[in-house]
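Structures for review follow.
Two complexes follow with subunit A in common, the first pairing it with subunit B and the second with subunit C.
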Partner chain A sequence: MTGYIIRRLIYGLLVLVGVNVFTFALFFFVNSPDDMARAQLGAKRVTPEAVEKWKRERGYDKPLFLNEKMLGTAKVTNTVFFEKSARLFVFEFGASDQGRNIGYDISTRMWPSLAVQLPAFIIGLLVYISFALMMAFFRATYLDFWGVVLCVLMMSISGLFYIIGGQFIFGKLWNLVPISGYDTGFEAIKFLALPVLIGVISGIGGNARWYRTIFLEEISKDYVRTARAKGLSETRVLFRHVLQNAMIPILTGVVVVIPLLFMGALITESFFGIPGLGSYTIDAISQQDFAIVRVMVFLGSVLYIIGLILTDISYTLVDPRVRFS
Partner chain B sequence: MTPLIFPFRFELLWSDALVWLLVLTAIGFAAYTRNHPHLRAPWARVARSASGMAAATVLAAFVLVGLLDSVHYRAALPPQGGKTAYATEVRSLLDRVLEPLRLTREKTYSAPLATHLYAKETVQGPDGSETRVFPRLRHGGAHLKDPQADWGRDVALKAFRGLAFGLLFWFVAVLGVCAVLARSPDSSIESTWREAWAGRTAVPWRAVFCAFGLMCVLIGPVVALAPYYHVLGTDKVGQDVLYQALKSIRTGLVIGTLATLVMLPFALVLGLMAGYFKGWIDDVIQYVYTTLSSIPGVLLIAAAVLMMQVYIENHAELFPTTEIRADIRLLALCVILGVTSWTGLCRLLRGEALKLREMEYIQAAHAFGVSHWRIMMRHITPNVMHIVMIALVMDFSGLVLAEAVLSYVGVGVDPSMISFGTMINSARLEMAREPMVWWSLAAAFMFMLTLVLAANLFADAVRDAFDPRLIVGGGRP
Partner chain C sequence: MTCNRSATLLLFFALTLALTAGCGGSAWNDPYPAADAGANTLYTSFSERPKHLDPVQSYAENEFAFIANIYQPPLQYHYLKRPYELIPFGATEVPKPVYLDAAGKSLPDSAPAERVAYSEYVIRIKQGVKYQPHPAFAIDESGKPRYLTLTAADLRGIDTLGDFKHTGTRELEAADYVHQIKRLAHPRLHSPILQLMGEYVIGLKDLADQLTKVAAGLPEEASVDLTQYAVSGVRIIDRHTYAVRVRGKYPQFAYWLAMPFFAPVPPEADRFYDQPGMAKKNITLDWYPVGSGPYMLTVNNPNRQMVLERNPNYRGETYPAEGEPEDGKKGLLADAGKPLPFIDRVVFSLEKEQIPYWNKFLQGYYDASGIGSDTFDQAVQFSGGDITLTEDMVARGIRLQTSLATSVFYLGFNMLDPVVGATPGERARKLRLAISIAVDQEELISIFRNGRGVPSHGPIPPGIFGYRDADAKGINPQVYDWVNNQPQRKNIEQAKKLLAEAGYPNGRDAKTGQPLLLHLDTTSSGADSKARLDWYINQFAKLGVQLVIRATDFNRLQDKLRRGTAQLYFLGWNADYPDPENFLFLLHGAQGRAQTQGENASNYKNAEFDRLFDRMKHMANGPERQAIIDRMIELLRHDAPWVWSYFPKDYTLHHGWVFNRKPNQIANNGLKYQRLDPALRVQRRREWNPPVVWPLVLIGVVLILSAVPAVAAFRRRERRTATMVQS
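Here is the complex of A and B:
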């Protein structure tokens, strides 16, 4: 088990190296730093001096991989690749193109993100599973049929409309919550209620339908028939046997997203004005701040890989049949 | 002798070329499928699904609009000095059809079917006094002499006439279908009609007729009213919202189909290679797709689109017109979306190839000395096509929805290109206005919901028909 986890970790690290090289290539081969400088400065007032100054201030004036002018290890370390990409592995994020400290920004902004995402995740999971269980319990009845219809209808609506509609109904029409904004402490609850609610509702369609499929697949298995043959009630079969066994496929999709909760949701945060990492990323994109986008790509991959490893570990915990060698 | 002057010149944008290539492939595939009973069987199952066929009917209408919008041309300018010049603007056939909508621009917002602007304006009376009034629209309801008195009657009359024409068209079309169905000598149109409505035909024609009837009932009045009014209102710059919604359809369709198709060859070749060869090839390919899939999709798309924007800005000379630039951006977005969705399909295909390579008929092919390449092409590829087909239709609706979100983030299509995303994005701020401007959002909502819902229902029908697990188990779980 330990050996397995160590091997997974090493593989994860290898994948991160791949992500790192890939993003570096994406950001520095498609366009030269000169191009980026010109895009940032705006095409009108670009002079060679301004471009040089922009690059020097942000450390883009060095060679990409090998600095011939330096001696010893500085040949490798005093390059764009080392400064901008390799340092990410020790979580040194450096400064953004606007000169802000990215590491500090991330450490302050991930908490509001988590404050929206975590409740939405937990409540969402409970709602989706209960809804799916209900449909599975009443399978092949009108309740199940209309439940599926509702799910398909709900998953056909763009997430943007859930947010716009929610803001309109709860914020503007009923005046229950402020439309957007954020606060610290307990005051935050009134700002968080709507984003969390919308986050849960917008996921019902796809998730409940997916869980329903999992439950139904589990219900058609032999052990369920055996359980019924023993004379167990349908409720007991569903909650004791099916739910427990269906948790294994559900875990695959669920555990992997837990670390990503830190990253926040781009659209939700920007609509509700929550100062989390999602709106941070959106701002970076609209300001064409390449440094922040690069860091976020890397961070996202790190969290995703952690999620994958957690999934593997959780498998061994919930499913005694799974043994990794 | 004067040279022959065409009044227009066709302009084949890159996305058009791909769209028509796709259409040709689909036609070729359909013709091929017709002659092969084992390929026809799953499609016959799709054709027996009522919801699937109703959805297909609605989708067909969307595809028709999208295809009309994929024939681009440049109109000829009045000849000067013997030379024919062509306009710099690239128009599509849909633009031509919708000319009454495209050219009737108002000053700013106006509500659906309105005769007056939505904003008050200062108007100078004949005596020099200034008053704040809602001015009359330039085009919407301009034929009415006294809007207050005539408006309701006029709208109702035109809508009713459109409805009548819609129903008539529907009736004729349904009769036509019945006539085609009743070709065999022992059935008449009348009996086919009765069979179809009783739901006793193999193909659920009743569902198709209902879906088509619903469309006719909705489209008829709109067509009748559109030349006289802005049926869905106008937006901030006075452009007709109905026109925008119809133009958005092509963008959505292109993204929904091309994004998967662009990356399909890679997913197919790499996925099959990984599963078939195993060993280090499998390791390398697995590493590549694990790496790509470990980057959160939106961030990868954002990074790639940002880089593309910078590239386009710095190489403006490569893209002479805004249409070409927007088109290239659309294609690039398709490729990027394809890269992010490619990994899932690749993994599925790898798993299937792993299973298939152990099958006896593959072993037999090996024993006969058939080359690896030929085994993969002849023996494995046809047996994974159902996965490809399911992935293609299942991805479609997600991609249409993703486009809207990405355009909102600012990494979607070119801002000059009309799409559901740009419509929502520009209409978003109007919600805060008092009184509210709701029609842009409502139009985008209705069109998107219809398109995505139809796509989802059709995708379900295709999945149910193609997935061998579901068929063996006796249809739906």
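Here is the complex of A and C:
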């Protein structure tokens, strides 16, 4: 298993290099260092000298990928790409284009993201699986039919509608929770209740349908018929046998997102004023702060790779037949 | 039995909710801590994190909203008087420049600009003014600075400025103002006004060159000690007086003295923040300002909230006793002579979206609000030609204030363009004029701005010297006629006639017969913008001209403007200061964007205009200056480098518990004048936000009731014998 993980990590490293190159090329395809400088220096009275100076001080005056004026390895190392990206691999995030320490910002902003995402994820998972199991239990009945109709309806509605509707109903009409905002400690609960609730509700449609499909596929297998033939109750069949055997596809979708919970939710954070990493990324994109965009994309890739490895490991825990080779 | 138990539980749940709802305290939806309910705190918001709070770098309105209330530049604008008037702030009086010739001899005030080699501003600052409490001023028992020689070990456990246990203060000195002027030249701070001020402040450019060389020789983490350098044109006369010498006559310099760029920064602050390890913890002057103004920044979490608190060391300023004639009737002079500031804390919460902001304003959780297009009908109504608040707003005690912004929006022509620009001469001029007539600004303001704007007849907005009312003499005669005592846009037939004279009868090239295609580069996108852009296409279509919209991002548009390749574009300008020079320079030939990267995005060039501008910019306001401005505007109307669009009108709302609010389009330090009635706010919030719990109970009941048949069905299934189920 150790060998497998090391091999996956090496593959991951190559993926990270690719992601970095791709992000870098994409960003500079849309923005030039001049654009970045102007975005940071403001809209008024920006002189070409100030732009040049800004670029020079941040190393954006160098060639992007290949420095023809240099010799040997300096041709590659004395470039914007190498200088801005190589440090990421040792998790040195450096400063944003506005001069703030990115590592520090991430360490403070990941917690609000997690505070919303983690409860929404756990509660959501329980609700989705329960709802899906219920539909599977009542399969081919009106309950199942209307459950599926409800799911299709819910997944057809835009996420933004849930947010604005939720804010209107719970925050404005019923005055039960603050419409937006955030606080730390115990006070955070009243701010988190609505985004978590909306996070869960908005995911019911798609997720419950997905899990229902998985469960129905399992239910039609021979071992389930055998279990029933042995006289096991339907509850026992569903929870002890079907659920356990459906774990592989469930884990495939679930474990991979666990590390990404840190990264936050873009629209939710923006509408609820939650100071997480989702809004951090959005702000950086709108302000053309490449240093932050680069770090966030890198971090997202790292967490995704970790998620994939954890998923593989989790397979061995739920299904003893799975072995790494 | 089960039903009985469920009903009891439900009743208990409902009672608990009802009791909790009824028991005092703050409302459930109150986003602020209950303990702050009755506090003398103003609640407002910000939508974008400020990029800079360092007064040498900051040049955006959302940044000035904070630092203009923290720092104390020599001058400020009178809160109530209009037109805008400079009054002392850190200084004892508004400095009057002394004109000098090249030999340094004094000249009379009436000396012509050509003879004036230098203007010297001697600025006396108020005595006894003290900085806000700050660790940079903290001293130990032996009288030595406590935190100016920190090591990495000392910074362990320090994450924010509040983690420093000790603070101190000291008196404001002239040297602090001089230090800030030197900071303008700091090579690592990138002051946006360095180049402009380098042209005027004697020695500033030399210092910038010198510091650039010094900084280049230093390691990245090493700081530049500005106390070791001097600006030749700036001198400290005594502890409370300093002088700034500027090149030639530059009356606008006084306006710059009212901006944070010239606010005092103590050298201790630079020493404190420049220490190794501080920047890594984001403890910088750009993040934690050090001022002597009425407020200090105590919480800087732009991810969530920023808090200004009363500077306990701020003394000596009182509420103004004079204003405009109606100010007394509006109650704006009721607090005359009372010490400022009135409000103890100002909480700025991050609110990126308009809808939550508006709803929280209606709940009483924000004290003031603007009016967005989405909420316009909810807030105001037209009655008898006047704009008034809707009944709901009146019932809530909300008040409306309107003011014309010192901004201008326009549709610009690129004068380097071969079709609409200067090269085709009279032909293109007539084309531009035809378009200016065809694009109906009155309709645009009515449809897309809910009437919030005034059609512009030139580049200078109302409230700025040089502006003429749109009366018989003040209208733009190229586009309007004076009919029935009001301006009337010229008939579209006249525009078509001009177009035909330009060589495009019915919108087709007379020589080739090809339709005339014009391209508008715009960053506008989305559904709202589409309607507006379609409207523009229709306006051009009235002439038979085809307008092609080229959607582009901000960077590309700026790039096209810099290269002079855009044909038509939208831009606007907010005043830096209330002087016509700050608007007319947008069309000065020397500011041509393509040639000099200046602010003249149309690349308009007219020798007479440029000559008049150079004369006008040095003059004091008066009839002679007005006459020159009139001529300049006449030239602009004739040449039509812009389609004169509109001056925006700002509508703001505030609750009945907020007093002394008067819109000020130039100054940003108005927080200190505002007053609150927190008790009334508490009362209103309670009235407006009672928690409504019955829907929750109802949802619970529905869920339970719907679960009953499911449970019953479940049990039935469990008891059933095995059957084949088709899925």
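Keep this in mind: the second predicted complex is superposed on the first by the 290 of 325 C-alpha atoms of A that agree within 3 Å, B and C clash if a C-alpha of one lies under 4 Å from a C-alpha of the other, contacts with A are read in each partner's own complex, and residues count from 1 in each chain.
The rule is short, and it goes like this: a contact is a pair of C-beta atoms (placed from the backbone, for glycine too) under 8 Å apart; a residue touches a chain by one contact, two chains touch by 3 or more.
All of these numbers come straight from a predicted model, not from anything done at the bench.
Shared-chain residue A:F290: touches subunit B; no touch with subunit C. In the superposition on chain A, A:T311 makes contact with neither subunit B nor subunit C. Of the two partner chains placed by superposition, only subunit B is touched by A:T281; subunit C is not. In the superposition on chain A, A:V19 makes contact with subunit B only, not with subunit C. Of the two partner chains placed by superposition, subunit B and subunit C are both touched by A:I164. In the superposition on chain A, contact is made by A:T47 with subunit C only, not with subunit B. In the overlay built on the shared chain, the residue A:L216 is in contact with subunit B and with subunit C.
For subunit A, the partner with contacts to more residues, out of subunit B and subunit C, is C.
Once the two complexes are laid over each other on the shared chain, residue contacts for A:R38 go to subunit B and to subunit C alike. Of the two partner chains, subunit C is the only one that A:G99 touches; subunit B does not reach it. Shared interface residues of subunit A, touching subunit B in one complex and subunit C in the other, are 30-31, 35, 38-39, 43, 164, 167-168, 172, 216, 220, 270, 288. Residue ranges on subunit A touching subunit B, taken from their complex, read 14-16, 18-19, 22-23, 26-27, 30-31, 35-36, 38-39, 43, 152-153, 155-161, 164, 167-168, 172, 213, 216-217, 220, 260, 263, 266-267, 270, 281-282, 285-286, 288, 290, 293-294, 296-297, 300-301, 304-305, 308. On subunit B, the positions that touch subunit A within their shared complex are 287-288, 290-292, 294-296, 298-300, 302-304, 306-311, 313-314, 397, 401, 404-405, 408-411, 420, 424, 428, 431, 441, 445, 448-449, 452-453, 456-457, 460, 473, 477.
Subunit C meets subunit A in the complex at residues 27-31, 33, 48-49, 51-52, 59-60, 187-188, 190, 192-196, 212, 279-282, 284, 286-287, 301, 303-304, 349-353, 355-356, 359-360, 362-363, 365, 553, 555, 558-559, 576, 597, 599, 689-693, 695-696, 710, 713-714, 717-718, 722, 725-727. Residues of subunit A that touch subunit C in their complex: 30-32, 34-35, 38-50, 53-54, 57, 95, 98-101, 104-105, 108-109, 112, 134, 137-141, 143, 164, 167-168, 171-183, 187, 190-191, 216, 219-220, 228-229, 231, 233-235, 270-273, 275, 279-280, 283, 287-288.
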